[in-house]
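In what comes next, chain A is part of two complexes: it sits with chain B in the first one and with chain C in the second one.
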Partner chain A sequence: MTTATANPAADRSRMKGAALALPALLLLLGFFVAPVLSLLVQSVTEPSFGLQNYRELIATPTYATVFFNTFLVATLVTFFALVLGFPVAWALAVLPPRWAGVIFAVVLLSMWTNLLARTYAWMVLLQTTGVVNKSLMALGIIDTPLALINNLTGVTIGMVYIMLPFIILPMQATLRTIDPATLQAAALCGASRWQAFWRVLLPLALPGIASGGLIVFVMSLGYFVTPALLGGTSNMMLAELIAQLVQSLLRWGMGGAAAFVLLVITLALYAVQVRYLGAGRTAVGG
Partner chain B sequence: MLLTFKTMGALRWVLVGLSVIVAIFLLVPVIFIVALSFGSSQWLAFPPPGWTLRWYQELLADPRWLASMLTSAKIAALTTICAVTLGLLTSFALVRGNFRGRETLRAAFLTPMILPVVVIGVALYAFFLRIGLNGTLTGFVIAHTILALPFAIIPISNALEAFDKSIEDAAIVCGASPWEARLRVTLPGIRHGLFAGAIFSFLLSWDEVVVAIFMASPTLQTLPVRIWGSLRQDLSPVIAAASALLVLLTICLMIVAALVQKGRQK
Partner chain C sequence: MTNFKTTALAGVLASAALTPALAQDMVFTSWGGTTQDAQQKAWAEPLAESDGLNVLMDGPTDYGKLKAMVDSGNVSWDVVDVEMDFAIKAAEEGLLEPLDFDVIGRDDLDPRFTTDHAVGSFYYAFVIGYNKAVLGDNTPETWADLFDLEAFPGKRTFYKWSAPGVLEIALLADGVSAEDLYPLDLDRAFAKLDTIKDQIVWWGGGAQSQQLLASGEAPLGQFWNGRIFAVQQTGVDVGISWQDNLTTADALVVPKGAPNKDAAMKFLARASSPEGQAEMAALSGYAPTNLKSPELMDPEVAKTLPDAHEDTQIDLDVAWWAENRDMLADRWYAWQAE
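The block that comes next holds the complex of A and B.
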């Protein structure tokens, strides 16, 4: 008990309160905790007991490439999402409500539209005979169509598109909490715009930037759909590898080992987020 | 200065310009899908040579597409009921309870939101294969309820936290039984939280594709699984028609959400 009460009846009713969480807890234990643990156990028991799956994961160059690709894509996506998202978040925080409302609605519309529908749009837009290539050729920028799909470029464009709302929303929330008077004070004290931006606005916005960036980085590491559809065979990412190991190759042990690695990285980054940036609102819309 | 629109000078036009470009980038694919679904070109040429409703006719004439939509709707509706019911009970425990480990419990309930979906999908796939729930409606609903639970718990417990418990106590003082007070006073008081939880749960299940790919069987497929399967074969314009209908659904839900928000402020 966090607060000592003299009334045992009140104590009982509080414990009864805890019992209300029981159905959900049992569901979670039976159909979430147990299956995930059992998958991780399989990584050291299948095909035989030991760490051979992890050894294979480290020693095989193909898998090393997958890890490299995963981190490369997550880094690129986080970078571009931050660079493109920051001005939008900033604008959302300062624009008159009516204009901000329009941009906000666009961000939400894009975020709430079915993921496959959006990825499909990019598959069509980016293909060799797609609108992007045709426009670039019509403008005389290129002579032959660029390969924009089934490679790193396609995955990056598609993923930045998906992740932008997840970075804009936390950043604009942080920017809104900054008191404009702080910046006026900086100006009164003789700071130039440049100094006010680098030494006042950016440091104050940093928690939002860091937490948005971290959310996007973590989400990108484990992303499955967009890389699988817009990427090629040579830039497979970790999530797709796990699915393939399990579903097509039936190598449960290897799949479990790769899942364990992804899980550890995700939880470690999440712990950083909670420790230094506060649990806050994660990727949820709202 | 940098956070006051009127005194930002030329900088504000730079900011507006950049935001408009990003907003167009966000909007173009959504509009493009809708335009594509009415285009007459089988090969997705754009701008299309003419306009047609042919892809919608093909979509609605194909029993496999219709069956997958029905399956999706069924699973999403059942998931919503399960997630909101469990979410409501859990929120009562998390907000009203005062027991040891409450914060840990709260964090534990949010973990399905943090873990990579592919890990949950693979783990449930292995588990369901063993106990024979793979490719069943029950399996789908259980899997989606796990994923939807955090999205139900967050808005419901926020609403419950904001709800003044003394109103419920007043009802009890006036002679209501504790359960009657909860049902007839507290539940209507947190209805916007329940509504938000229901919308999030429904959308999560309706749009969910990763876990669904593992749960599905050739005879039981949700709409996203069906789209996924078609996308891996070709880029048929029928997919554009299905996608455009999904965009329409999103817009409807956004309008409903905006109206509810407006109603709350009044």
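The block that comes next holds the complex of A and C.
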């Protein structure tokens, strides 16, 4: 409608920008901040006022195991997603646009397919009588089926697959800004391919790797569906525990405490990111 | 633009305010799947015809949501299908409305599944199920067979959640007699379960149990009898053993502060009636909780239901479970996560 053309209008335009964000902020306040606060309140008031829920959370070995599982899975998933995602991101950055477009479409398409459907697909593939085991046995590579599901392997495979787009997109954004000429320069200076990778490409790609890795790590910490379907009971993660506490045991206080601890950990990780890498680089595709 | 919005908003508010006044609607929440379909056909559809009562379906049942609704005074469910031990516990905690037995006939209801706050929804049995295509003639007959890794190597499946069933099965398999089951000897039950723990695949819902059995992923295990019935209907060759089948019922309850209490009582009257229970049983493969229903049923169908196997039946003690629900859940999930 009105465009800020003159200089004195700059301040007003900034105000307007802030005003435009207001609906989003109100939405967050009403539908995110308020429920989280009420959960926090419940965690110190149910069943009675005090920190007993947090004390129980720390003192009970089961909960410690669940926290350990959660971090173990998040670490494994982040590691494998980085290792598998880096070559794809690099290909996206250097291939001619037509081919890059095809790869891009495949990556995005997997992201747009329903999460539950994809997880069930993995169940069909990985189970004892599933496609993977049957093929390997038909080829004579294995005699007895591998245990690929209802354990840590199943959770890791399923989650790495789901997290890949979230790591590929920020990485390729960073990799794209790297001038391929720098690698040529490294080669001209006598660097081997490995040296060029370790000492030139990797350091330059680090911001993308760090932000992609952090996004995946944080998302993995709170993941529910895939661990619940592909994991066994001894791999229970925090989100599953919270659902159980709230849904079947009606222990909202304990559930709130567990959720709040997860939130604090996530925010702490975000703070580390902002401190060392700058907030601007966190955005996907930034 | 603004005018349109205001009008639309006023319209929404007005209709929201008017809906309770019309009051011929109510909401029924159950577990979804084939069971809820049967409940809709047997109970909701006839009520719509006879009384013009419009029963809206919701689901799945979620105890956390139910408690949150009651606590916040913002209840949107009128009748909920829950497990019996939860029904007893929830009534004690004041989460449920007492039922109006002037509207609901109590005389013919199976007293095992009827309380002041709940009527039986359907009565089911945990049975031994097996996939004949995988196991051939070597079929399990007793709960002890599920723990016999030599006769039946490979995966077996059990119910995942802390609920009456698996602990009882472990004790029966370990030689405890039905009369001596309660109070459950938890150490002994977990020790017995430890002997097969790494061969157990847990099923969290009925559909998953069917998938595990039919695919042969876990060719034997503990199942709800109705789910085996449904798999058999699809033509998959699965067998069933009723030896020491463990029974309890699901319960129908009304959350405290339900908005359409009168309609809810009418619904419960239909659901627990001889006809309602007979139709539900025929559709679901679960047994009726009304003692007058069996005489209304096709004998061919009736003989496939849990109440035809009362000679080998053991009642799960849901009252004991209700009393110890939290303690049992703590032990159960701690053991599972080990």
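Simple rule for what comes next: the second predicted complex is superposed on the first by the 251 of 286 C-alpha atoms of A that agree within 3 Å, B and C clash if a C-alpha of one lies under 4 Å from a C-alpha of the other, contacts with A are read in each partner's own complex, and residues count from 1 in each chain.
Keep this in mind: contacts are C-beta pairs under 8 Å (C-beta built on N, C-alpha and C of every residue); 3 or more make two chains touch, one makes a residue touch a chain.
Fair warning: this is a prediction, and the values are worked out from it, not measured in the lab.
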Room on chain A for both chain B and chain C (clash or fit): clash
First (chain B), second (chain C), both or neither touched by A:Leu39: first
Contacts of A:Thr62 with chain B and chain C, given as first, second, both or neither: second
First, second, both or neither for A:Asn150, with chain B first and chain C second: second
First (chain B), second (chain C), both or neither touched by A:Gln127: both
Which of chain B and chain C A:Gln247 touches, first, second, both or neither: both
Which partner reaches more residues of chain A (counting touched residues only), chain B or chain C: B
Touched partner set for A:Ser234, first chain B, second chain C, both or neither: second
Which of chain B and chain C A:Ser110 touches, first, second, both or neither: first
Steric overlap of chain C with chain B in the superposed model, located at which of 116-124, 188-196, 206-214 or 278-286: 206-214
Overlap of the chain B and chain C footprints on chain A, listed as residue numbers: 127, 129, 246-247, 252
Of chain C, residues touching chain A in the complex: 62-65, 67-68, 155, 160-162, 201-202, 204, 215-217, 326, 329, 333-334, 336-338
Interfacial residue positions of chain A with respect to chain B in the complex: 1-3, 14-15, 17-21, 23-25, 27-28, 31-32, 34-36, 38-39, 42, 84-85, 87-88, 90-96, 99, 102-103, 105-110, 112-125, 127, 129-131, 134, 161, 164-165, 175, 178, 180, 183-184, 186-187, 193, 196-197, 200-201, 218, 221-225, 229, 239, 242-243, 246-247, 252, 255, 259, 262-263, 266-267, 270, 279, 282-286
Touch list for chain B against partner chain A, complex: 1-5, 8, 11-12, 15-16, 18-19, 22-23, 25-30, 32-33, 36, 43-46, 86-87, 89-90, 92-94, 96-100, 102, 105, 107-127, 142-143, 145-146, 149-151, 154-155, 196, 200, 203, 207, 209-210, 213-214, 224, 227-228, 231-232, 235, 239-240, 242-244, 246-247, 250-251, 253-254
Residues on chain A engaged by chain C in the complex (per definition of touch): 60-62, 65-66, 127-129, 150, 228, 232-234, 236, 244, 246-252
